[in-house]
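See structure below.
The letters A, B, C and D name the chains in turn, as written, and every chain counts its residues from 1.
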């Protein structure tokens, strides 16, 4: 689960990292008032989880409360689903630094990345100037020791007063990483002000979903999702991704689903949505189909599974009874295999469905149905 | 032979009295797996499928020979169970748990490496050598997938494994040992770490890897091939070629970060190392035939 | 630093371990009121740090508030320096368990000891029935894992419901050990009540002095010491032990001091006090001598050092100027060696002291001076 | 020769620019110790006694040969400094710090053992091979103590070491290598762990151990002798025979607990293993003579 910038900065402040004075605003008039209280110039920062907010115009520097109110209204009215603004006092910047901690899976250690040229995305930096990124690794049990923080900083070429100020930032970043069961904690940019102070200009914290039970402070809200559908499915515990194509995908297993997505693209088809029907959800065919059928752009529903514990016969029965209840207007293509597949195929055939057993064949059929080629 | 597990491997089941544990204990035993004992804290003295149950691994290992441990333990208790097995000196551990806290997967992998042990998983179906033994929950009864043979399979996925392995069998081959390393971002064991065992296994002629976007496991396989650590034919299938950037598709482990982990990068690395990469599952069989014919087998 | 029982039990309660309902009393009337509030029978427990309180009569079961007041007064009037009572509701006991965690220096791990026959001192148990003590070890970095707690308990022969209740006790004990930088955390006895509940009957926590900077909750008070002198020296940062013999010892170095103590005993002498004049205190001769001279039983002051950083010449000068200021009435025997000892000996000789260089000779001289044999 | 350190051992000083660090660096160098570089964070580019200073151990070790590290680092930062040295692959570390948090001494010892390294200390004067090299702060200029010779000395104490070693020298002997393991309850290295090096050292004829009440280090020496791991003559002096029970006398490590650690127990164990135990420091010299004469040396 990703935290919003304003949440990440609350965490930073709790750990003694400096963040700019700020207020949040849910309306244009709140933004105007915040700009008054903080004194301009302030920056209006749209609290959305997507990257590249600057380029998308979702961050605006304003020089008067009136301008703040006006720009805020424009942001709330934009098509980007902005529901909250962080109104932040502008900072007098001398230098921008990149610092983050994430996971190195091979080493099974926390991995720090530091670049004294921040402000760009780490992917861009890694592609264009990999030599400018400095790494350090910390064992999650032993923790990050101060000498490792120093080492990272000295290797990045930082010395003197800035080095002294950066050491606690690195150490605190690790504490946040550890305490919040994070996948990623990133400050980009970390501003060095003209007064020599280090201030977090932005903040990303991603909390591991598998640790949600011990990170109860944060819960999933509508703001975390691009669409109502994504949010509703997530509340139901059903992994769901919204696209805007023609084939509504109900698959079991992340790897198989991704592969079916590829195959649809290879065949020239497009995906309306991607719904995980495996794992604990294999008995919830009705709810799954209900969500899929809400896609008004969908021209066909494609079900592909090849499961073990998620029994084929149970899934087939679920599909058939959901069909009877929901009476879908679009055709359904099934390719259900795995445990008890013979029984599954009988059930599907009895309901008038063609129980396919080859994934590519099923994909091709779905794509041609979209084209109106057959039914 | 076969890698990781064979008919003689003495297996302990942690969490044997649970619903999943007892159900799959029955199946593993039926398939031929040699299960010597089981553990569930507080259930000492019980029996599951005729297998004696103990309170702790230490206690079970004192009474029985144990070479490997199969965990049917919920994700939040998996770290504890893995460390219990490691502390008892067990060097082969399989955990199927889906949902182990990420930071604990780091601790698990680190501890396993320090103990010179292999932990397979979490978030996997386990390990199977068809016709010999199984640690995990595979539908071994589906003959068009779990047929005994001479092709090693390594996979990050579950259902996709059935899909791809069915293609291996359709091409006339069978499986020597299939290892699901699991879909977690930090699996206990990585593809490349299993290659030496496949290389040394006289019953494996070639290996199929089933990968996906994200991480660097496939790149590490290419590295191992480049270093000559694995010289048998290798065929790969990778899901997620067309996955849109920025959305998390597939497993939690399937994220491309820092310019690494794209399918294009993986394919290029594998092909440069001499692997054959199938664009579709269906083509895996053809490529295997091609590779094994070239090898003159 | 040892915590008092009432402090240890506060910590236990904070970690969710059950302790008997209790109140503390500084006067007999407070004790009487506490007994009323808690309802008798209650136990009056003298809050002193010495062991064997039961045998010494420092723990009293009383059955009425009046009796509580009366017995409390007796305890406060006893010669054991009782300044505080813990008035605790009596517990209906079915079984007593011993559990502790301390350090195994060789393994460099936390060491748990569990015996389901508690209530006696662990030294006694170790000597008489070592097979009844069960051990478990935990790496301080990795922590105690739940399986280790279970293992310990099952090996001790505990099963069923009691095992389930003991597991969290063991785990919490480790948390306390770790969080409080403890040398020892002990619950002895841990009561199993007739109702099947586990209640801490007593509690010992020893905090590592070297970690005092991160354990600021507790500070040294007069109650921690047997005498005013011990307390005053400790406040000054001077290690000091009070005895009641005739030779006041001012030595540098723990090992040498202990050896001089032995030698005095071998020679038939007795020690009035033991003061650490080495380490950071080697420049504080005046303060050290002042403390030593307060011992009215002392017949001679013996100074023995053989130091490196604690320079002999500095110590000698300190001794001489302290003599001139304090004008001690008892003789001073010096055996000061080490860095710059020649200069030291000159200084001492110039002040009329005999600068001895052999420890045994110095000890013998001090002992004979006590006997009035020479001066 | 000599154990742990000799004239050629390349030594790094951590905390070299501090008051103690620079003072004793001068003395160690004067005595003959080969100091190649020093570290104080933030002081890169400085020099101390002609020795170049770096920001980190990693940086120093990249530029210079380093076999051992001497720490002049305050107790609260000692764990960090020891781990920094261990991570850089240094296998011999001496820390004199008095006051290292107890739980951190456990971490230090554990990490050292896992890295197959020796950490000497804390709460010690260090290691000295008179006439050759020194890592620590001994008054090597006091000739009636720090005289070169063929007797190994191991000690838990500081000032008592001078007292006892002076008796060794008075008896006509000298010191090959003196190791202060330190007075902490959990020293990084224990007596018995150093015995094999003394056993193998052709320049050591006998060993004197200076112990005290508390702990089990002396008992472990007896064990090693019983197992035949150390066969040269061994003389012991132990302080605290008459120490009253229940009072903490001597070092923090000097506590008898759980029925272990009494001087009587130690003396009995050592004597049963063939060691000679001196009741007074003065007798150490006599016992050494006796032991070495018996040995025919």
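The rule we apply is simple: a contact is a pair of C-beta atoms (placed from the backbone, for glycine too) under 8 Å apart; a residue touches a chain by one contact, two chains touch by 3 or more.
Here the structure is a predicted model, which is why all the values come from computation and not from measurement.
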| item | value |
| --- | --- |
| Comparison of A-D and C-D (more C-beta pairs in contact) | C-D |
| Most distant chain from chain D by Cα centroid | A |
| Intercentroid distance (Cα basis), chain D paired with chain C, Å | 28 |
| Chain B-chain D separation of Cα centroids, rounded to whole Å | 49 |
| Computed distance of Cα centres, chain C from chain A, in Å | 56 |
| Multi-chain contact residues (two or more partners), chain B | none |
| Shared interface positions of chain C, touching two or more other chains | 141-142 |
| Topology of the chain contact graph, where touching chains are joined (line, ring, star, complete, other) | other |
| Chain pairs that touch, as defined at the top of this document | A-B, A-C, A-D, B-C, C-D |
| Interfacial residue positions of chain D with respect to chain C in the complex | 75-76, 98-103, 105-107, 109-110, 113, 125, 137-139, 141-142, 155-163, 166, 183, 185-187, 190, 210, 212-213, 215-216, 220, 239-244, 246-247, 249-254, 257-260, 279-282 |
| Residues of chain A that touch chain D when the two form their complex | 142, 145-148, 150-151, 154, 159-160, 163-164 |
| In the complex, chain A residues that touch chain B | 50-51, 102-103, 105-106, 108-110, 113, 122-123, 126-127, 139-141, 178, 181, 183, 208-211, 213-214, 241, 243, 251-259, 261-263, 265-266, 274, 278-279, 305-309, 337-339, 341, 359-360 |
| Residues of chain D that touch chain A when the two form their complex | 41-42, 44, 55-59, 77, 79-81, 83-84, 87 |
| Contact set on chain A toward chain C in their complex | 141-142 |
